[in-house]
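Chain IDs A, B, C, D, E and F follow the sequence of writing; residue 1 opens each chain.
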Amino acid sequence: MAKAEGSGGERCQTGIDGLDSILNGGIPRGNTTLVTGTCGTGKTSLSLEFIIHGAEEGEVGLFIAATETPEKLRGSMIPYDFLKPKMLEEKIGFMRLEEIYDAAGVAREVVIDDKGLKSLIKAIVDQVKRKKAKRLVVDSITSICARLSTEDRIRDFISGFSDALAKVDCTALLVSEVPSGSSNYSPYGVEEAVSDGVVLLGNLERQGDLLRTLQVVKMRGTTHSRAKYILDLTSAGVLLAPLLKGGD
Amino acid sequence: MAKAEGSGGERCQTGIDGLDSILNGGIPRGNTTLVTGTCGTGKTSLSLEFIIHGAEEGEVGLFIAATETPEKLRGSMIPYDFLKPKMLEEKIGFMRLEEIYDAAGVAREVVIDDKGLKSLIKAIVDQVKRKKAKRLVVDSITSICARLSTEDRIRDFISGFSDALAKVDCTALLVSEVPSGSSNYSPYGVEEAVSDGVVLLGNLERQGDLLRTLQVVKMRGTTHSRAKYILDLTSAGVLLAPLLKGGD
Amino acid sequence: MAKAEGSGGERCQTGIDGLDSILNGGIPRGNTTLVTGTCGTGKTSLSLEFIIHGAEEGEVGLFIAATETPEKLRGSMIPYDFLKPKMLEEKIGFMRLEEIYDAAGVAREVVIDDKGLKSLIKAIVDQVKRKKAKRLVVDSITSICARLSTEDRIRDFISGFSDALAKVDCTALLVSEVPSGSSNYSPYGVEEAVSDGVVLLGNLERQGDLLRTLQVVKMRGTTHSRAKYILDLTSAGVLLAPLLKGGD
Amino acid sequence: MAKAEGSGGERCQTGIDGLDSILNGGIPRGNTTLVTGTCGTGKTSLSLEFIIHGAEEGEVGLFIAATETPEKLRGSMIPYDFLKPKMLEEKIGFMRLEEIYDAAGVAREVVIDDKGLKSLIKAIVDQVKRKKAKRLVVDSITSICARLSTEDRIRDFISGFSDALAKVDCTALLVSEVPSGSSNYSPYGVEEAVSDGVVLLGNLERQGDLLRTLQVVKMRGTTHSRAKYILDLTSAGVLLAPLLKGGD
Amino acid sequence: MAKAEGSGGERCQTGIDGLDSILNGGIPRGNTTLVTGTCGTGKTSLSLEFIIHGAEEGEVGLFIAATETPEKLRGSMIPYDFLKPKMLEEKIGFMRLEEIYDAAGVAREVVIDDKGLKSLIKAIVDQVKRKKAKRLVVDSITSICARLSTEDRIRDFISGFSDALAKVDCTALLVSEVPSGSSNYSPYGVEEAVSDGVVLLGNLERQGDLLRTLQVVKMRGTTHSRAKYILDLTSAGVLLAPLLKGGD
Amino acid sequence: MAKAEGSGGERCQTGIDGLDSILNGGIPRGNTTLVTGTCGTGKTSLSLEFIIHGAEEGEVGLFIAATETPEKLRGSMIPYDFLKPKMLEEKIGFMRLEEIYDAAGVAREVVIDDKGLKSLIKAIVDQVKRKKAKRLVVDSITSICARLSTEDRIRDFISGFSDALAKVDCTALLVSEVPSGSSNYSPYGVEEAVSDGVVLLGNLERQGDLLRTLQVVKMRGTTHSRAKYILDLTSAGVLLAPLLKGGD
């Protein structure tokens, strides 16, 4: 749905150079956005930076990791030039997905059914409320989707989750892992349909080099560029550059 | 089936610049048209505008959403230049698909069987009759199709639905979500065969930019252009421009 | 099997400009031909015109529709320049596939077994005999094939059907719906092998425009061109033009 | 296995201009060859001509058809310039596959098991012996393979069949139907591995025209060209022309 | 693992011009090599020549055929210029796979289980020992793999087989049939991973001609060229020529 | 996550010319890296060299092989110019995966369940601790993944394994076998998501020659080049050269 530049709706600035201008000011606050791409395209780095820049602005962030331990994540974060260790402890919470599963009572279930699905949403939203988090990352939702097992439940999970977060004014990034060689936006093909936005990270082979790219495929509540940008991971954080033109 | 320009059959003007002229005057009234495409191609925006322009002409519209809450949809609609809030309340009804499921008594069923299928059609048509709606959008039918589960029932649903709407002179858009990377018109491959029309929204990558496109693949009861147009989402609504030629 | 031009075997003229000359005089009478293609390629228009031109020549035609109601079909037919309403009533019969299912006693079965398959063939042929039809269209056989469920039964259905029609000298078109994005001649891959002929309707994207094409892939009992033609739907009916060369 | 030109091993001349020279004299007598291709590529025409030319040389031929009735086949054959009706009756036998199924006692079985497989081979070979046939065509084996259902049984059928025919010095063509859009030599992927030869018929799109092509992919017991030839169906029978070079 | 040219490890010369030099002297003795390719690419010819050249050097060879009878194979072998019939009887043994199945007691089993798998390896190795064979061909292993049915058992079969043969210093070629149109090295995707070497035979279409190609994709225990060569089947045996360069 | 060059985090030098400079000093110590590619691309050679160069630096290495026997592996290693036999015995341990299965008590299970999964991780880590190994190779994990059977357990295995190894400061390479013709990073599509790094080995066909390539797709805890390099297997070990540019 088109929205005039500068018009209503508060924005949540990602703090990532270039991305906020692609989005005409940032992600519409309360939106749940899929950050999707194959392995090595920078999904985790972009999501961490979204949380860190929020903390710099005084917003509490929660990072729920399915794979890496909080120690590993903290270890990986140190070299950023702009990172202040104290901020990490005060403003950013790290949790493992397993803790959420335990809280929701679904840790033992192979397939999460409709009841478990609701407990799972509640368990995450409870954490968001308790921590007064304004930014949330779930890295990744792919293993959750696998346990939900039907397309219908994946739809219900993402749309129910997104509704609940909108109510507490929390802006979320859901990381989605696409198998290499796939041209899809998500492994189950429905995640992108029910999300408010889709940020697609990709690879671009150019003269033997494998560049990273970023494209905002969809974002409800704002107009935005859909052009493909080169994404560069540097010690100054994620940088975006137009793919083919010199200036902006 | 070919139909002479200007010849019989009342048209339902979409009000979308360019689309009505592609269709030689609009959608033949009573037709049920599939609006199909991958995520971010503008399916919801186009469908909302179809409803809004109808309201401007005094026609009641009903928008049934599978994913977004009416609040979210209303929120997204505000920035349109031509939008008058009062019109929204008087002429446009928003419902969630869940309300329809409840009315049809299929809310608890995982797979909707032949009996449920008929209840579902009846529940929607009842709403259309009660509201005296002349325009209907179901955004989207993809999760309904998943619950119908067999190709045969999907055919029966769309063709039964289309017959019932034709009788009450209601023109409908059924939004269909195609997974990215697919070159199909629909996820189940039969939806397009039983619809009266197919409007295909797509992406076109050009020099790093991801353009939106629109193509009328099929429309019963009228001749029409099958050329591909560039679709632009602006604060003045959906705009269409020919893909390769300057004027029209 | 090759057949000399002008040599034996009566032809059934389709009345479609160009198609009869592609076929060196028309479809060999008694042949059962698959008319196949994706959505919007003109399968129904071509089939209707085959029936109408037969009626103009005094031959009774029967049109069995799986999806559209006879009312809708009649409504769509009116704008043709050459159409005379009276002819429609006298020479052309419209039936819904459901009536055939009822007559064959398979309306309640999900999967049609070997016995149902024979009843189904008999029910259609009975209608052909009763109406003394010389031309038959089944639009489409795709949902029938889905209910036959095994490749073997699809083969038996089409070849048994084709044998029975040949005996009563009736020339038939069986419409087959191919999902978009498929390069196959039929959804089950066996329909084309057991048909006497295959007319393939397709799309050709040229400079942003989506043209319709026609190709006679196979026709038993006659030599024929296998070249691809441009198919145009006009108020004067289906027109064919060579794809690349000026004249004929 | 390479074999010197002119060296040992009697040949069975197909009588088809060009094919015998591609094969350095004909098919090694006793070989069982797969004739494979999509619909409309000329498999039946080529096989019929193989039988007819044998009859002209005084060799009895047997044609077993899965789909077409003997009447239809005889009807299609008449226009050939070189065809003498009397020869048809004396030297060529036509049977339907169903008669073979009846003789083998497998007519009622959906899946043909190991025992049925042997009965089936025996029933065909018995016919070959009784008629003293030196040439055999089965058009097609695809529905037989479907009923054999496992790759292992398909292998056993073709290799057992081929062994038995070699013992009675009968040269056979087995027609195999490949779905359009497939680049395979056979629907089950094993038929070609166990056959003595593979003749691949194909389509070649050139400037809008759909040409037929022939390629001998494999032939045990002789060297042969593997080049692609243009196949033309004329009233003088099948003609082959080199694809790119002028003469031969 | 790289190995210096001329360095340790005895080689088993294939006797095929070009192949031994591609392999810097031959196949490392005791290696089990997959010879893989689609139908008609020369797998059987190459394997037979490997056995025959061994016999010329005084090494006993064993050829186990899944499809062809020993008679047929012997018949196909005669025309080679270098073939001496006496050698065939003294140095080369031909067996059918069925005999091995009988010896292993798995002839009646549809699926060969872990126990059968070990009996099968033992039955083949027993034959190798009894005949004191230094070269072995199994043409093909594809039907064995089908009966092993799980990827795990296919791995266990090939790696157990390869270990056992290495102990008796026997160099083996395992023929693997790839369906046409596949770009894989094997039908199950694991055969190549557990073999010591992979020789890939392929087709190359050039100006309408279908050339055969050979490529050594992998060979443990030696460096080797991985370039693609043209393979020619002549009465002087298999000949290899570089694909693009004149000399060597 | 980006990390400044030269900044914190100890590196584990692979000793492979070029690879350490691609990684700005080596693999971050404690990382678990997927070495993935189709057959013949050099996965085993690269992994062995990683272990050998560690031994040269005095670090104990453990090589767990799923397919090859330790004898075969030792045999293949001799020709390296830099290899000192004594070092092999003192610093490098070779084990077969079967020994690990026995120790974990899962040798008899077809599917390894959650309990077996933990025993398996423990059994490997126990070996690492006992031998005080600082480098580990598992060649390959593909058959383990097959036995884990669900994507969820594959995730749990790799991430649990990687956590446990990080704690004992052991840097690991997990070899992953991709079927030829696949463009994926792994057979199950999840292995790459939970690994700390992905080194992709591939093939590049150039003028008939099949070159090997290496690309670091992902490496947590360091910046790195993602360009494609030519990988050459020589008697001096693995060599890397830039794909398109002369120098570095």
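Please note the rule applied: a contact is a pair of C-beta atoms (placed from the backbone, for glycine too) under 8 Å apart; a residue touches a chain by one contact, two chains touch by 3 or more.
Because the structure is a prediction, the values reported are computed rather than measured.
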{"item": "Least hop count linking chain A to chain D through chains in contact", "value": "3"}
{"item": "Relative orientation of copies chain C and chain D, as a Cα rotation angle in degrees, nearest 5", "value": "60"}
{"item": "Relative to chain C, chain with the most remote C-alpha centre", "value": "F"}
{"item": "Numbering shared by both copies at the chain F-chain A contact, with half separating same from different", "value": "different"}
{"item": "Chain centre separation in whole Å, for chain E relative to chain C (CA means)", "value": "52"}
{"item": "Separation of mean Cα positions, chain E and chain D [Å, integer]", "value": "30"}
{"item": "Chain centre separation in whole Å, for chain E relative to chain B (CA means)", "value": "60"}
{"item": "Sites on chain A at which at least two other chains make contact", "value": "none"}
{"item": "Chain-level touch network, classified as line, ring, star, complete or other", "value": "ring"}
{"item": "Chain D-facing residues of chain C, complex", "value": "1-4, 7-9, 151-152, 155, 159, 163, 166, 182-186, 189-190, 192-194, 198, 215, 217-218, 220-221, 223, 225-228, 242-244"}
{"item": "Chain A to chain F touching residues, read off their complex", "value": "38-40, 44-45, 48, 66-69, 72-73, 75-81, 110, 140, 142-143, 146-147, 177, 179-181, 187, 205, 207-212, 233-235, 237"}
